[in-house]
Structure formats: structure tokens, C-alpha cells
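All chains are identified by letter, namely A, B and C, in their written order; residue positions are counted from 1 within each chain.
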Amino acid sequence: MAQPVLELKQLQTYFFSAQGTRVVKAVDGVTFTLNEGETLGIVGESGSGKTVTSMSILRLLPAAARIVGGEMWFQGENLLTKSEREMRALRGSQLTMILQDPMMSLNPLFTIGEQIAEPLRIHRHMRGTRLVERIKELLRGVRIPSPEVRLREYPHQMSGGMRQRIVGAICISCEPRLLIADEPTTSLDVTIQAQYLSLLKDIQKEKRLAMIFITHNIGIIAKMCDNVGVMYAGKLVERAPVRTIFNNPAHPYTEALLHAVPSLTERTDRLWSIEGQPPDLANPPAGCPFNPRCPKAEDRCRREVPPEFQVGENHYTRCWLWEGR
Amino acid sequence: MDSSPVMAPAGTFAGQPTVLSLSRRVAAKLRGAPLISLGILALLVFTAVFADFLAPHNPEVGNLRLRYRPPAWETRGSAEFILGTDHMGRDVLSRIIYGSRISLIVAVAAVLVAGIIGTTLGLLSGYIGRWVDQVIMRVTDTWLALPPVLFAILLAAVLQSSTWKIPSKWNIVIILGVVFWTRYARVIRGEVLSLKERDYVRLAIVAGCSRLKIMWTHILPNVANSAVVLATLQIGVVIVAEATLSFLGVGVAPPEPAWGLMASEGKAGLMTGYWWLSVLPCLCIMLVVLAASSLGDWFRVWSDPQLRQL
Amino acid sequence: MQRYILTRIFYSFISLILLSITIFGLVRISGDPVILMADPGAKEEDLQALRVEFGLDKPIYVQYGVWISKLVRGDFGKSLYYRVPALELYMSRLPASILLMAVAMTIATLVGIPIGIFAAVRVNTWLDSFGNVFANLGLALPSFFIGLTLMLVLSVDLNLLPSSGSGTIKHIIMPAIALGWVLMASNMRLARSAMLEVLGSEYVKLARIKGLSERLVILKHAFKNALIPVLTFASIQVVLLMNGTVVVESIFAWPGIGRLLVEGINFRDFPIVQTTVLLTGLTIVGVNLLVDILYAYIDPRIHYGQ
């Protein structure tokens, strides 16, 4: 079995206020493994720590945040001990990320060609005609017609869907091993979403890319992912293969999430939502963070934070209900 | 973490409001206010109001034999004239004290005039729209493009030789009002434009309220907040403008003790070592303007519930 | 882009017309305009002759027409004090002011913008706070205060620089600093906020994700974008400069148009006042137009049309 592309063990990333008094535990003990060609979906509400996790992997955290614990291994190398220069060599070439908002991701003042050229120039030292040919090839790869014309154009001349595909082209330009997609289709029209997702999937199959797909949309998870991680209040409360998550959810939060998705076949009068609010990460409740809203919460849940328990093959959850089963 | 609404009185305990004295509640609301600035401005108002009692000497009449006396802490200075005397033998301290009155009156009056004109025109422009809006906006754009000082001088020149004579203090108020109203008009108009789309305004229109009534009862109270914020921010600007105009000889006329005028009159004295004539009034201006600006900034954040959450 | 430029030219033209109408109107409001344009001791016949010349017996739009046609031909009236055509006087003083403003603007730009950008990059550090204080002071203090302080310290106390007049580099330093002061503060503030906004943008994030060095991110991606709002500010800068120049030239006895204006009002020489204000307004409109056109070249969104 080949070495996993990415391994996270108990990653902890905290945000510190200016005086160091307030600490927000944005990511608190996230563990998972990602292999070549696999897609891991990370799903959760806003503020659950999905984006901070991905920024931690890239080590592009804002000044107020710090990785305070855990391990990150990329292709067998320790990401936490790398210098900034070494990280820069990885970013854009081995490790890339597609951002959410295509309208804002591209610099309005530079041509498309220039923006795609940048990583190629820096990481692959390409110049001249070879560079131009490669850019055209990439544009064709993301199904953008007439690449020779496009590469001289500016972002504002293109639609959101096209821009997001260009961002995709930028990210795969240096043939990365890991691609993180942070809600890439949230800002796109529904009709374009499907096209974009299928494009990503094709690219992944072709290049044997490992992908992390961050979203709050369960439907996309079902379509795109091999494994799923459910995040709540900075913790990964359940992780399992995609089928298992849908058929046998272990954690009450996962169950609630699945329940909240309106069904197309059943008739309901009201949309069901989980009661309560996500906790304040600076003052999380004692014990399991989900306990105030959990219908199955017991006394122990309110006192102690549950560690990970194994539920089945490749299926883990952080819930006292599964202790010792 | 307390998630009670921002306006909850201080001392809310576990969600139940306790009964607090009025002073405590006021203090809590004012928490964060720049106290030094408030103090300076309070001092200004106090001095202006009680100038007659505070000033040791007559600010406008001096004794030529006593001119150019330095402040009390220098050699040759005396306790009789704590801040020294000017070129006409007038007591600098008394002039500064009375000058505060002028600064205050002119600043407040000018801001009021500019504010009223600007708010009214902005209101009309935003609400009525069409050609009224076009005209007012073009005028605003043009006037905003003119440097305030130049415009003020032009107005002063016109008023100088005009057929109706007005005391110089009110000249300045008019001039400053005319120069500065455009800023209000712009801002207010923007707000009115967005308010126009609100449902309660639309409802009032459907209900058949006259335009005037809608503007008065619905829109005006909502823009009043912005107008006041802008006014507080403008006070510093207006004070500087008045001081500058007085400095150039276009503002308040001698022998009135406007601070800018004092600085100007004292300029010649700088070269010969009579530094207190210019420097002291300038310091006063600086203190007041800094206080007004910082208070204005604080007020802007305080009055905007959105910003305050930060 | 063509259409954009033409529209801008059209609007500039309208502004000029409005400006002239404003000034024209103000003079008329004051009562009897000839009193403004005539010598203090003029006799009634002279006043009457002036009235006919300005067409005051005719309807107001004719008066306006007369006035405008004179302006277009370069007849701005005659200075009552100097007894030469006002336009000529203005033009002779203009170079000195342009020089002063250019130096002031250079100082303000070279000092203010880098500090602002640096403050944004090192946000919330002591450098940022220092810059903040500096900016606040700059905006709060009237320019004559700065001028007087400079004069006091550098001229009187230290005797380093001459306090008035013109002619050598030494003469221009203090007035230029005094004039550039407010601009420096505003520039700094603006550059800082523009830069902060850009630094937080998505495309800067993407640039970092691509693995670009921090220097490249800032100089290439952030800087150019931050420049756009700063350029907008350039038009306001000119207004601030003109404003400040009146005061600074008076303090330092610099022979430019600012000083001319003050002389005009102090000597009750209205033609000078009118000329200066009109031509200053014209210059500002012109500069605004230039900046707008410059935009079209820098920002491809305008260049290629929406």
C-alpha cells in the first residue's frame, strides 16, 4: 500500500486575541488519512473549523492563529517542521486550494494568461513558447474554448463559472498531489455546479489527485466523495466511507444533519432543523460540544470530552454512546 | 458569553436586568468615551460662557506701555499678565478666554447652518429626485471641487463690498455655512435614496401621505442620526477653517480676539522672540480640534450599532 | 473607452459652466457689481460707464453672455491695485505656485504612501500606531500652525532656513513641508486602508496559495490594486493643495497665486479674487479630467468596457 498523501493526527489550531486572553479553539483534535486518488469530504456548519483546517494544512493562517498541537504529514514529510521557504515551494506545486468566490479570486488587473503563468514560472521555471503552450493546454483541460484568445483577456470579461474553471486550471497547473476545494461551487449557479463537479472528478481520475472537498452541502458529498469527515465545533465528530455515513450514521449530529436535508419524495409541512446554536468556540460547553443540542445526551456527555471510538471498518466517531461496542 | 442586545443596561445578571441608578446606566453607556476630549470641550464651553467672570483684563483695550510682556514663567513676566501681553498691550489670557467664545459660537452656528441647509437639500434631492436631484447634485459636485478656503475668500470679498452690512462674526458663519453644506447634502441624499425603498415608506405612499409628511415623519428622523454624526465630525474642520480665515484676515475682524487672528497678529513677533503671541492661540486651536475630532470619531462608532459590536 | 473619455469631457464642461454661473451669481447677489469692479474712489460717471460695459442694464443672461465672452477672450478685468490685467498678473505668479505645489506633492507622496503601505503590511504594530497618530495630527492641525511651528523652530530658534521670500532651495523647504503636511497625512491614511483591504482580498490569498514569495504578493498583486483608490485621491489632493497654498504662501511670503488671492481680499481688489478663483476652479476640473483618463489606462475594466 502506497504511502498516504496526507495524514493529520490530532491537529489543533487556536486563535489568540491580541492580549492573549481569549482563545478560540477553531480546530481541536482533527485526525484523518488521505490516500492518492481519494476524495475526502469535510462537511459541517459555518464556523465548525473546516476552512481553518485547510488553511492549517497550507500553513497560511492569519497572524492571530497558531497550530498548537498535533501532526501533519504530507507524502511522508512533516509539514510542521518546514520553513516558510519550503512551504512556498510546496504551495502551488504539490499542494493547492480552490477558493470559494470565483468573482474575487482572480486579480482584476492581470490577464488570465499571466495569472496561470505565475505558478508555472515559479515552480516549473517555464518560459516562452513552452509556457504559452502549457497555458493553452491547461485551459483546454478545464474545457475553456478558444484558449489563445482567452489568455489575453481579463477576469471581468468572463462569467463566474469560467473564472472558477480558470482557478481550477491555476491549481492543477503544476500537477499537485493534493487539491483542497473550499466550497468551490457555493457561488456558482446550480446548473453550472454540476458541470464543474464533473470536471473536477474527471481531472482527479486522470491525475490520481487526492482531494479534500469542503462543503456544507450533503448532496455534493454523496456525489463526489469516497470518505467523509463531519466537523462540529472544531472537532471531527465522525469519519467514515461515504456509504456508511449515509446508511449508518453513528454520531447524533450526523444523524441530525442527514435528517435536516429535505426529502424530495416525502411531503412535510415544516422544514426540520437542529435546535439550538453552534457553541461559542471561545467558551465551549464542558464535555462533548454537541451535548446542549443532542437528543441522546447523557450525564457523561456533559462532563467529559469523548475520544474517538471505532464503530466499524474505517468508521470512527467521537461519541460516548459508542464506547466499547 | 453574554448575548443580550447591545442596549441592555449595565449590570444585567444572568439575563435579569437589575435596577440600577440612572447615573450608573449613563456611565455604562458612555463607557469608552474619550474623557480627555470631553473634558477639553467642556472646558471650552465653560470658558466661553463664563468669560466675563474668568478673564482678568479687558481683551480689547490695552495699555501700550505694557506691551510685549512675556508670560509669567519667564523673566520679565509678571503674575498680572499670566500669559503675557500682545503688541497693543492687551492681556493674552483674557483674549484667549474671550476667543473661546468666538470659536464656539462660530463653530456651532456654522455647523448648524451648513447642516440645516445641507440636510434639507439632501432630503429634497434624494426624495424628489429627477431634475431637482440633478440640479442639486451638479451644484454640489462643482462646489465640492472648489477648495474651501478659496471659495470662502470669494464669498468674503463679495460680502465685503455688498450693499448689506453684517457684523463680521456672522459673515463668517454664513460663509462657512455656504461652503460646507455640500458635504451634508451628499451623505444625506445617499441615505434618503436607500430609505426610499424601505417598506414603511412605500406603505406611507400607498396610504396617500403627502410627500412633505413622509419626508418629515419617516425619513427625516432616520437621517437625523447621520446628520448629527457628520456634524460632530465637521466641528473640528469648521474650527480650523474659521481659524485659517481669521489668520488670513478674512475672518473675524480686529479688535475681536479670534484665535486665528491672534496667531496672525503675532506672526511678526515670532522673529523678534515674542513667541507666545502666536504659539499660545495655536495650541488652543490644536487642543480643541483634536478633542472635537476624537469625540466625533467616538460618537460615530457609538451611534452606529453595527460598528459598535466590533 | 472612447465613450468613457468623451463622457468625462462632457461632464467637465458642465462643471465649468456651473462654476462660472456660481461665481457670476454670487457677484450679482452682492448688490451692485460695479462697486466690486471699480476703484474705491470712482466717480459716478465712471461707474455708469462700467455699467454699460458690463451690460448691467440688460437682462441677466445677456450679462452672463457678456461676462463669459470676455473671459474666453482672456479679459478678466484689471487689477485695481496693480493696474495691470488680472490674467497677466495671475499668470506671472502661477509658476511659483506650481513649483511649490509640485515639491509639496512629491514630498507628500514619497513619504506618505510608503508609510501607509508599510503600516498596512505591519498592521497593529507600533509602526502602525505611530503612523496613525501622525495622520491624525496632520489632519487636525491647521496648516498655518504647521507653518508657524516650522518657522519658529527652523528659522528663529535654529536659524537654519530663511523665513520668507523665494529664490533658493533653502527658501522652498519649509513652505513645501508645511503645504505637504496635510497631504502626507491623508496619503498615509488612504494608502493604509486601501492596502489593508487589498491584503485581505481573495486574489491575494490565491497568490499566496500559488506559492508566490511575500514580496511578489505585495509588490505585484497588492500594490497595483491599492493604487486605484490612491489615484482617486489625487484629485482631492489638488484641492487640498490649492487650499493650503493660500495660507502657506501668506506665511512664508511666497510669491504665488495664493498670496495673490490674499492680497486681493486685503486690498479689496476684486478682479484678482475673481480671476484666481475662476482659474483655480478650471485647473481642478482639468486635473480631475486627467485623472479620469488615467484610470482608463490603468484599470482594464474601464479600458475594455464592461
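Assume a contact is a pair of C-beta atoms (placed from the backbone, for glycine too) under 8 Å apart; a residue touches a chain by one contact, two chains touch by 3 or more.
On a predicted model such as this, the values are computed, not experimentally measured, just so you know.
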item	value
Path length in the contact graph (chain B to chain C, fewest steps)	1
Per Cα centroids, the chain farthest from chain B	A
Centre-of-Cα separation between chain C and chain B, whole angstrom	24
Geometric centre distance via CA averages, chain B-chain A, whole Å	53
Footprint of chain A on chain C - complex, ascending	124, 201-203, 205-213, 221, 224-225, 298-301, 304, 306
Chain A to chain C touching residues, read off their complex	18, 58, 60, 88-93, 96-97, 99, 101, 104-110, 118-119, 122-123, 154, 156-157, 167, 170-171
Residue ranges of chain B touching chain C (in the complex, touch as defined)	138-139, 141-143, 145-151, 153-164, 236, 240, 243-244, 247-250, 260, 263-264, 267, 270-271, 273, 275, 278-279, 282, 285-286, 289-290, 293
Of all residues in chain C, those that touch chain B in their complex	14-15, 18-19, 22-23, 26-27, 29-32, 35-36, 136-137, 139-145, 148-149, 151-152, 155-156, 163, 239-240, 242-243, 246-247, 250-251, 261-262, 264-266, 268, 270, 273-274, 276-277, 280-281, 284-285, 288
